[in-house]
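Common to both upcoming complexes is chain A, partnered first by chain B, then by chain C.
What follows is the complex of A and B.
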């Protein structure tokens, strides 16, 4: 059975310019021990989904429709009291750029201690001390620097503390929002390995959010690609990254820089940002889509099944045959 | 005046920066952090210079020193031949208009109380450029340039109403709005997906072309440095251990640390053409 299952979820932000549907009718499930990667364009709604699963949407946000089933509860219906019991304990999140959430006037180790004690008030001083050191070792911060203040750390070190804090209570579902963005590649490599092995040992559910396809591919077996609030393609990583079908996925892969492809990368022309005020169900990518502009399609996409596990949301059936 | 073409714009000589953490227990010598150690570096006018290195190696510190947000413990830094740490009054204001920094973490560097319009427009106001209407159109134009389009949709928002990558682009917009001569770009695209990052690289290359702008590009991403930079410097524990053309650094690295850096670059291969 799925650990968490999200059905037809839509989320809107009320702004001066009207209601922005930052998440439009998305559905997916997470199995224990089967990490799901969310990739997509900057601003496509990844963090919004994470915040919804933590019950932390800002005041101007509203769940427009859909359900989130987790342990026989529909999370969209919970009140703040119930959220407080789940948040941080059953579902934990490594927040995007959370290093500035560290308290500047509190020593780093004290902040990790706080994360543990909040959910385990009865822990003995000995166990607590052991756990804190364990966590620092895990994220490879020298113990001699445990008592520093956050400003004495580099960006990367702060991010490692944040990861330690999210792991503190052995949660069932971890949402990792760009957890390695601030890290250099060497440490990123170690942390990704750490996340993979922890994931196996603890058998948790993991939603791994990143803009970097290589990072996502190294951790997740299942991939959802998002564009403008919609999931536009999903499947195993081999399917989605090996035989991408949606035009956005293709652009994303084609513009990925690596050490030996600088002559081959595709530089997309500065495209129009997706219009989040569009009616639900309309293709958000259509303004930039070659297929649509050539064929004059309806602009109302539907799911096209490519395999049992691989599907894409598109207005044109042709995308299946056009794969490269 | 610039006498020689290709002359160096920025020069660091023997620059050391130490931090002495305030500790409540007996401070031993070893607790002092040497963030930069006797760094010599010169960046040419119109050059895009990449600085790569591990977390904590001193990249941001170096950048902050160059835009004079901090003073070196010892050594000297000059811009076009004149020492920057003696600048005062009008010449300091002039320096501030010519030199900009894109900060590493837009969650921290953007003032939450300023709207996007105010954030990007502030340097224009400080430097007394244009009237209200001209500034507005300049800000809107800059928003479009960094891909926050239509600009009106973002103009009146506040940082917390933007996604991570959108904030990062506001930080870039703020740094380029004055068309400075020199930009320190500290991980400017760390939060951006490949499609947007590469568009912004193209933008930086265009700006360099048009204004002969000089850029210090700080990054963890060697592939990006390789794409964008003329030369790359590798920094390790506060020392610059290798400087060379981008091609040489990637194709024929010398220092063991550089080799390691190249080895662990995330690669992406699902048998695509």
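What follows is the complex of A and C.
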């Protein structure tokens, strides 16, 4: 059984220009112990999904339709009080540390303690101390640095503390939102290994949100490619990155420079940003899709199964099934 | 150790700046119109007597010699004798300073506490009716014309309703009778209420607005989302994570306004005939009482410097990011 299953979820932001559909009719499931990656460019709705799973959407956002089943609850129906019991305990989030995610005037260990005490108010001081030390050991921060302030930490250490905070209550699902984006490549690699090994040890569910294909590929076993609020292709890591089918996935992969095929780079031609105010169900990629505009298709995409696990959302079955 | 060196350096800085201010003040007073001799010298005196007085006051000596004497006297606390009162200036200042400190410290601290609290509430409920009412009232407080407001209070509560005295600090009957310190304290409080309200209202607006905008900025910080993601209650987020960070700029403002209020509150002191430094300064300036005016200016300079110093120290204590 899936740990969390999202069905036909749509989320909109109320803006001056009308309702903006940041997430349009997406469905996916996460199995325990099987990291799932959400990849896509900025503004494609990755973070909106992450925030929805934490119940932390901004005031002008609304869940328009769909359901999120987690532990026999529909998360879309929860009130703030119920959310507070789940947040940090059952579902935790790893934020980007570079963005001031730690309170600058609080000692680091206090911030971790806070994460534990909130959900275990009756914990004894001895147990609490033991747990905090355990967490710092787990993320490999020396115990003598526990009492420091965030500004005394390096970017990598801050990221580790944020991971420790997320793990504090042994959550069942962890949402990692661009956890390595602002780190340099070496630290990035260390943090990724950390996340990978901790995920395996604790056997939790993990959603990894990033625009960086390489990072997602190194952590996740399942991949969802997003564009303009829609999931356009999903499958296992090997399927999506090995035999991409959707034109957008191909463009995305084509924009990725690699050392061995640097002369074969396809320069992606993306002329327009996706129109997020479009009616639900329309293909958001159509404005940029060469094949689609040439073929004159309906513009209403449907899911096309390529294998048992691999499928793509497109207007034309021919495009998807076409061999390279 | 580094802290001690910093504090020592800061104190040295204060001494040097104070010395510069002393020098500037000395020359400013020599340049100002009006002759100190004519102020004390009776026109009926013979030229010989006048000459004698000038020599006694050292005004016949070259200016650099006068300057040296001035420096020597200042450093030993000898600020000269007031022309008007015929008493040592030091004694007059000593009597007045306590009243000024009592009035301004209490009003500033009170205004800061209430301002921080209301600013916090206002920012937290941004856009609500409460926020609108608070912000507009704060703007009104901030832009009030002090003398007008003070006179209005005096007219309503002192004259029309008559529940508060029109001025002074003690009722005459308490001066002559052997009343208890408690009765005197209560009487001082009774006299203090109107000037206190005036200064409180005027300071309150700026603190409220400052705290509000600071808090609004903090609420957009990522660590507030982190705090939410931990499942903390809104109250904890507001008071522990947001308000603590937001109050930092207010601390600076309190220190500076405390220094400013010594002279800025002169009008309030004047209207309520509060026997403080500000009122003495107005009196000294309008009566060409040079020694007294000079001493008042020196005192103001000293208070500004010390207040700055205290704010510096306090800030380092409140914000761990600042180390000396």
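Brief remarks follow.
To be clear about the criterion, the second predicted complex is superposed on the first by the 302 of 324 C-alpha atoms of A that agree within 3 Å, B and C clash if a C-alpha of one lies under 4 Å from a C-alpha of the other, contacts with A are read in each partner's own complex, and residues count from 1 in each chain.
Everything that follows uses one rule, which is that a residue touches a chain if its C-beta (ideal position, glycine included) is under 8 Å from a C-beta of that chain, and two chains touch if they have at least 3 such contacts.
Source: prediction; values computed, not measured.
In the superposed pair of complexes, A:214 makes contact with chain B only, with no contact to chain C.
When the two structures are aligned on the shared chain, A:23 is found in touch with neither chain B nor chain C.
The partner of chain A that touches more of its residues, comparing chain B with chain C, is B. By the touch criterion defined above, A:100 reaches both chain B and chain C.
With both structures placed on the common chain, the touch criterion links A:118 to chain C but leaves chain B unconnected. Residue contacts after overlaying the shared chain place A:252 against chain B, while chain C stays out of touching range.
When both complexes are overlaid on chain A, the residue A:234 reaches neither chain B nor chain C. In the superposition on chain A, contact is made by A:92 with chain C only, not with chain B. Of the two partner chains placed by superposition, A:61 touches none, neither chain B nor chain C. Looking at the shared chain after the overlay, A:174 reaches neither chain B nor chain C. In the superposition on chain A, the residues of chain A contacting both chain B and chain C are 96, 99-100, 149.
Per the touch definition, chain A reaches chain B in the complex via residues 13, 15-17, 39-43, 46-47, 58, 60, 96-97, 99-100, 147-149, 152-157, 178, 181-189, 211-215, 217-218, 237-238, 241-242, 251-253, 255-259, 262, 265, 267-268, 270-273, 324. Chain B contributes residues 19, 21, 23, 33, 53-57, 60, 104-108, 147-150, 152-153, 156-157, 160-166, 168-169, 187, 190-199, 202, 220-224, 226-227, 250, 260-262, 264-268, 270-273 to its touches with chain A in the complex. Chain A contributes residues 54, 56, 83-89, 92-93, 95-96, 99-106, 114-115, 118-119, 149, 151, 162, 165 to its touches with chain C in the complex. Those residues of chain C that touch chain A in the shared complex are 221-223, 225-233, 241, 244-245, 248, 318-321.
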